[in-house]
Amino acid sequence: MDNNLLKEELIRISGAKPVKCMSCGKCSATCPAYEQMEYHPHQFVNMIANGDIEPLLNSKSIYKCLTCFACVDRCPRGVEPAKLVEAVRLVSVRKQGNNHLTANDIPQLLDEEIPQQALVSAFRKYTK
Amino acid sequence: MQRIGVFVCWCGSNIAGTVDVKAVAEALKNEPGVVYSANYQYMCSQAGQNMIIEAVKEHKLTGIVVCSCSPRMHEATFRKTAEAAGLNPYMVEIANIREQCSWVHKDMATGTEKAIILGKAAVAKVNLNAPLTPGESPVTKRALVIGGGIAGIQTALDIAEAGFPVDIVEKNPTIGGKMAQLDKTFPTLDCAACILTPKMVDVAQHEKIRIFSYSEVEDVTGFVGNFDVKIKKRARFVKEDVCTGCGACVEKCPMKKIPNEFNLGMNNRTAIYIPFAQAVPKVATIDANACNMIKNGKCGICSKVCTAGAIDYTQKDEIISEKYGAIVVATGFNPISMDKFDEFAYNQSKDVITSLEFERLTNAAGPTAGKLLRPSDLEHPHTIVFVQCVGSRCASCAEKGKEYCSKICCMYTAKHAMLTRDKYPDTEVYVFYIDVRTPGKNFDEFYRRAVEEYGVKYIKGMVGKVSPEGKKLKVQASDLLNNKQIKIDADLVVLAAAIEPDKSARPLATKLTASMDTNDFFTEAHPKLRPVESPTAGVFLSGACQGPKDIPETVSQASAAAAKVIGLLVKDKLKGNPCVARSNELMCNGCSSCERVCPYGAITYEDKEFRMPDRTTKVRRIAKVNPAVCQGCGACTVACPSGAMDLQGFANNQIMAEVDAICK
Amino acid sequence: MKFSYYPGCTLKNKAKDLDEYARKSALALGVELEEIENWQCCGGVFTTAKDEIATKLSSVRALKQAQDKGYDLVTVCSACHNVIKQTNFAMQDEEFASKVNNYNGEVYDGSTKVYHYLELLRDVIGFDKVKEKVVNPLKGKKIAPYYGCLLLRPNGVMKMDDPENPKIMEDFIRAIGADPVYYANRNECCGGYVALEDAEQAKQSSNRVSNNAVNCGAEVIVTACPLCKYNLVKNGSKIPVIYFTELLAEALGVKEN
Amino acid sequence: MQVEEYKPLIVAFCCNWCSYAGADLAGNNRLNYPADVKIIRVPCSCRVNPMFILRAFQRGADGVILCGCHPGDCHYTSGNYYTRRRMALLFSMLDYLGIERERTRVEWVSAAEGAKFAATMNDFAQKVASLGKNKRLEDLRCKK
Amino acid sequence: MQKVSREILVDKAISLLNQGVVKAVFGWRKGEFDYDVTPAVFTTEKDIKENFVFNGFCGANFSKYLVAKTVNFDGKILVFLKSCDTYSFNQLLTEHRFDREKVYAVGIPCDGMADISKVKEIAGDGVSKIDFEGDMMKVTTLYQDEPVEIKLGDVLLERCYNCKSKKHVAYDELIGEDGEVLDSNRFDEVAKLEAMTPDERFAFWQGELSKCLRCNACRDVCPACTCEKCVFDNPNSGVENKAAANSFEEKMFHIIRAFHVAGRCTDCGECSRVCPQNIPLHLLNRKFIKDINQFYGEYQAGEQVGSRAPLVNYTTEDVEPCDVFKGGEENA
């Protein structure tokens, strides 16, 4: 997809406002998944604003966000980075055959204690 | 019938870019009363004004319509032009075809069409204009300065030096304001007290200046040149003229655990107190909420130890009424509450402090006598993290903080960082910044020195979370230039809290009928050309009440405000606004409706004898407007059932003519 | 006092304690919880995408049922609470609501009031009242409340407490006679569902929380979320992690019956 | 034949101190709103006689909006409080006579609210346009 | 309640006149027919004895006449006031429209006044004579042999069915005992209109107001319309107009008329009584009164001398104009 169209799509899906970003980096400062991410929250915002979206779609980073909303609540500009990350992930997993998690993967991931909640959440986040 | 000249301004391309000015001039030529029509690049320029003057003479014009920018901008200019041409200045009407037309509409056809209609409305109004002569009112040659910080002090001194009496109303027990709390000042690092306290003494000793400390403005009525102000002098339970400021009472007061406001609660004071050694006036004040004698009638020690006999537990609040010609607002600022930013743990750890608290910690007169010790355990901090822009530059949709840049934080943080490194070279100092903003004389050089000569570590990025753990503050932040998330174990975290106008400003603005912006900063009469005047005549602005400012800027503005006040007070008489209400006595019923809605008490009644057509006489009660008191709001004109009351300059038939022209 | 009650899938399975103690305590406090009929799983996480309605339907149905019965809705599990509350908020947007309502064939406008069990204790029953009913005050116990992310954020929607310095759990702990331990990371994420495929990431997040609690002097951590509990325990919390309802039931003396 | 797009005629009375300044600010910030809105400057919203509003409708205005300082912020202390009562009663009466409610409005716009001014005018113009021509109050004799 | 009769009033008038308390008497003068009684000033005992009438058609509110009559009159004038008239009397005093010292007010009890058009509906045209006997009237017509008997209570003026008060709020002397403020249903009809759709309301008012002849009777009789120069007669007011021409013209006229008296109108109902086209003009005034009561608290114009009318008053918490329609909807 054309990058500008893709950018608009992401903004539409997320309802977030990358244009309001002032590049303070507080989202990345507060992110608990920072170390696991190749692209960090502030980069998501900046890259989407610049239409540089392809690398994000192909990055594992989109599965590392915990949707803990720390970046959303602490952003001084009301940008809502987590919603942008989710939008990128959705654009990726909504593609045919692009589910990040399948039912077959589950058994080996389970242990005795793991709550159902974790499974349904992961499915919500990783598959379509 | 009027002979009207229409002058259409291009305002360069500001108007001409979206409005076909020639077509407007052409179209208005055919309006009733119009005998001359022209257009020109800059109507407000000397050449443009001359053009008007020439046209008035040549075409014997009786009225002028200028199609240009907002009347709030140049109505006064063109009235003067008319006067120069020998016309009554109130025979001018402005059609606002810039702010309300060319700047808000995009295409030429629409803009032109609307400009013509606005022009027609103005022509219709001028057709009904009548020459008006302003009344005169005397000027009370005394100024009131509200707020006794550096802004108020400077303004008061300048006005007093010009020979006019000035009263300062300060809500705290002493003048001095925020500057008195500061340690050093950027970029020259003078000690704040060293440069402020002599000025405070000057104020105290100046024969033209009176200080009402521990006082508030209760009520303001009147108008420019003639304000009536009620000042509430709160009871301090100490006779000001008797107290010598010896401090014996303070020493002996048994109530010693009251958080000390001057040190931002970082240490305690007594119930009877003098805020700081150089306080002006240097008199004690009893905190009624803390004093056992006042609350329960048990104690009275201060009274016993006071050799001067200054203590008076029965003192009551006192209302002082005074007349002023001008009022200067200098209510200043405060750091915002950090409650909505507790990811920085301000409410969770004593060692997370604001920059103003840091000032007190490094001030020789502060709670630690100038030694940099952390509040929790009074140990010397080795790693200090400064966080910039806390609560500043927040988008409104984030629903916390302020949208504006607080302007002073970059510089004072550089100062704090530099001084810390200077005094304690063993400390690591980090400054997290989004941008470093240093537009000021010697400002950027100052900031660079902090980095280059003092080794302050500036990191571009923001702190995301501060977690107190044991004796450390775990700071998690981003380093954007290195694309890293970094974690620092800090001993002290200093937050550059956004600043906001003092809370007293909003109710004061209401009393003064002065306008404010959405952030509660006072609005200027014009953002560029009249920056120290409020739109309310006779009310002037000094210091941070108008917007964030550092000390040099505050002092310049304070002096500028003083100059404006002096310019007003040297006048013996002021020309009033002739656009005031007038009652047609033949039509007046004497019903009192107008009197009841008049906010100024400008309407009175008298019994007047009328000769009737049948040669009898009839005595009727009729309304009279005092033109010196009337401010021209027009509330009475609508309250009047018969239409006897009308407003000059905005008369019923004029407004209806405008309506008709627009709806044609 | 009667409320509609939404337990959620985990509370019927791995987190039966959380549910059981919630019900027992409610009874002891004079509150009747009526389980939503045929409730469906909330999905565990709220999908922020504005163009997804299917993932929000189960929550809408529960909310609608509560409204029809005329009750406010109570949840216990942090995840369910977050999803239902966010969905409820989304339904206050007319455009979104009209899409969902078209699909569901019934009208719902986002007006059901949703309480988390803790809010029920604070706002409806009152912590003072809870304190009066305590029979076994947990004296001297140093308890670290763990909020996680779901109860507090996004604050604009959840509006439970100050998202950065909350005190509802602290007040709860005081009400049952114990001592709350303040620690800053009580509102940080445990690692959530990522635990499923990236154990290392979850471990880092969890340890950041539990270590902070331990270093601040806690003896036990309480939570309202089964996944938080799982992550903290699984990743080696040095102190026990228990549900707040269990403590409540213990304090009210209804744990064993 | 080309059908011309219907353009409503809107008269906006703005008080000099707040709303007129707010309109100027909208201009300074280049915030667009329909050219259908024509502003008449009055010293205070309380200067607006209900007769002016009726006059505008009589002469063919499709909507009349009155803007003043926010309650409590009137330059003349209390003018807008009288406006509020007068217009509340007038609008209620017009509604009682079957005139469309959306044709009249009072909005408080401060000198700092340029964006609100533009947004208000956009919204009002759109609402009035959706009602179509003002037929119930127009006096056809006033048209040429 | 003591019944009042012509004899009582005539005795009262003559005795006050002879005692020198008053120099003139406001009363009703006999007309062509028994029902067309006219307000008049009497100054002699003889005139009173011969021409003073009082019957069920004496509905006119004398308050307004005081404005013109007292101005150059040397001495006191006696005026008889029904309870509803006393409110107008007070309102005019509030507005300083006449000198209270020049008036001797006698309150008279009232059970309602008759509407001649209702009488004619029952008795038919050609009414030649009406005799009152207590609550009954015997109506003789040209076309019927026997007089028709009608109960006064069946043919009252509309306003009397919704009488708001039998209490006199101003008088120097009262005939009989005073009554009470009543719990009337006077706003029911307004509420009924409010409950209609805007289109229905428009149709209703267009139907009513298009009957207007612009005779100005409503204005001329209105005790609140005492302006030295009425805006409708003033060429500079922008609303001067003498004749009806277009449907809007009436609407404009009637809105302005009602707005001008809003907050001052005592709801005396004279406007509707005198309207030759039977337009229910009081429904405009009552809408304002209802709104005022609802938005700003109960207010009865004329109840107290010197009270501050709602439109020259305010509170900082007043309802916003955009919220005024909600009340109507609740009623709907």
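Chains here go by letter, A, B, C, D and E, matching the order in which they are written, and residues are numbered from 1 within each.
Definition applied: a residue touches a chain if its C-beta (ideal position, glycine included) is under 8 Å from a C-beta of that chain, and two chains touch if they have at least 3 such contacts.
The model shown is predicted, which means the values in this text are computed figures rather than measured ones.
J.: Could you give the fewest steps needed to travel from chain C to chain E through chains in contact?
T.: Steps on the shortest route: 2.
J.: Hey, which chain ends up farthest from chain B, C-alpha centres compared?
T.: E
J.: With respect to inter-chain C-beta contacts, which pair, B-C or D-E, contains the greater number?
T.: Top pair by contacting C-beta pairs is D-E.
J.: If I average the CA coordinates per chain, which chain comes out farthest from chain C?
T.: Ranked by distance of C-alpha centres from chain C, the top chain is E.
J.: What is the distance, in whole Å, between the centres of chain A and chain B, each centre taken as the mean of its C-alpha atoms?
T.: Computed value for the inter-centroid distance: 46 Å.
J.: How many angstrom lie between the CA centroids of chain A and chain C, rounded to a whole number?
T.: 24
J.: Nearest whole angstrom, what separates the Cα centre of chain B from the Cα centre of chain E?
T.: 55
J.: How many Å are there between the centre of chain A and the centre of chain D, using C-alpha atoms for each centre?
T.: 46
J.: Of all residues in chain A, which are in touch with two or more distinct other chains?
T.: In chain A, residues 35, 70 touch at least two other chains, as defined above.
J.: So which stretches of chain D touch two or more other chains?
T.: Answer for chain D, listing residues that touch two or more other chains: 50-51, 55, 72, 78, 82, 86.
J.: What residues in chain E touch two or more of the other chains?
T.: 231, 237-238, 311-313 - these are the residues of chain E that touch more than one other chain.
J.: Which of the chains are touching one another, listed as pairs?
T.: Touching chain pairs, listed by label, come out as A-B, A-C, B-C, B-D, B-E, D-E.
J.: Name, in rising order, each residue of chain B that touches chain E in their complex.
T.: Touch list, chain B to chain E: 586-593, 596-597, 605, 616, 618-621, 639, 641-644, 652-653, 656.
J.: Can you list the residues on chain B that touch chain A in the complex?
T.: 343, 389, 391, 393-401, 434, 460-465, 476-480, 483, 485
J.: Using the touch definition up top, name the residues of chain E that touch chain D in the complex.
T.: Listed in rising order, the residues of chain E that touch chain D are 190, 193-194, 198-206, 231, 237-239, 245-246, 248-249, 251-252, 255-256, 258-259, 262, 284, 287-288, 291-292, 295-296, 310-316, 318-322, 324-325, 327-328.
J.: Quick one: which bits of chain E touch chain B in the complex? Just the residue numbers, please.
T.: Going through chain E, the ones touching chain B are 71-72, 94-97, 226-231, 234, 236-238, 260-261, 264, 308-309, 311-313.
J.: Once bound in the complex, which stretches of chain B touch chain D?
T.: So the residues of chain B in touch with chain D come to 70-73, 96, 98-101, 103-106, 110-111, 113-114, 117-118, 121, 509-510, 513, 515-518, 523, 535-536, 579, 597, 599, 631-635, 637-639, 647, 650, 652, 655-656, 658-660, 662-664.
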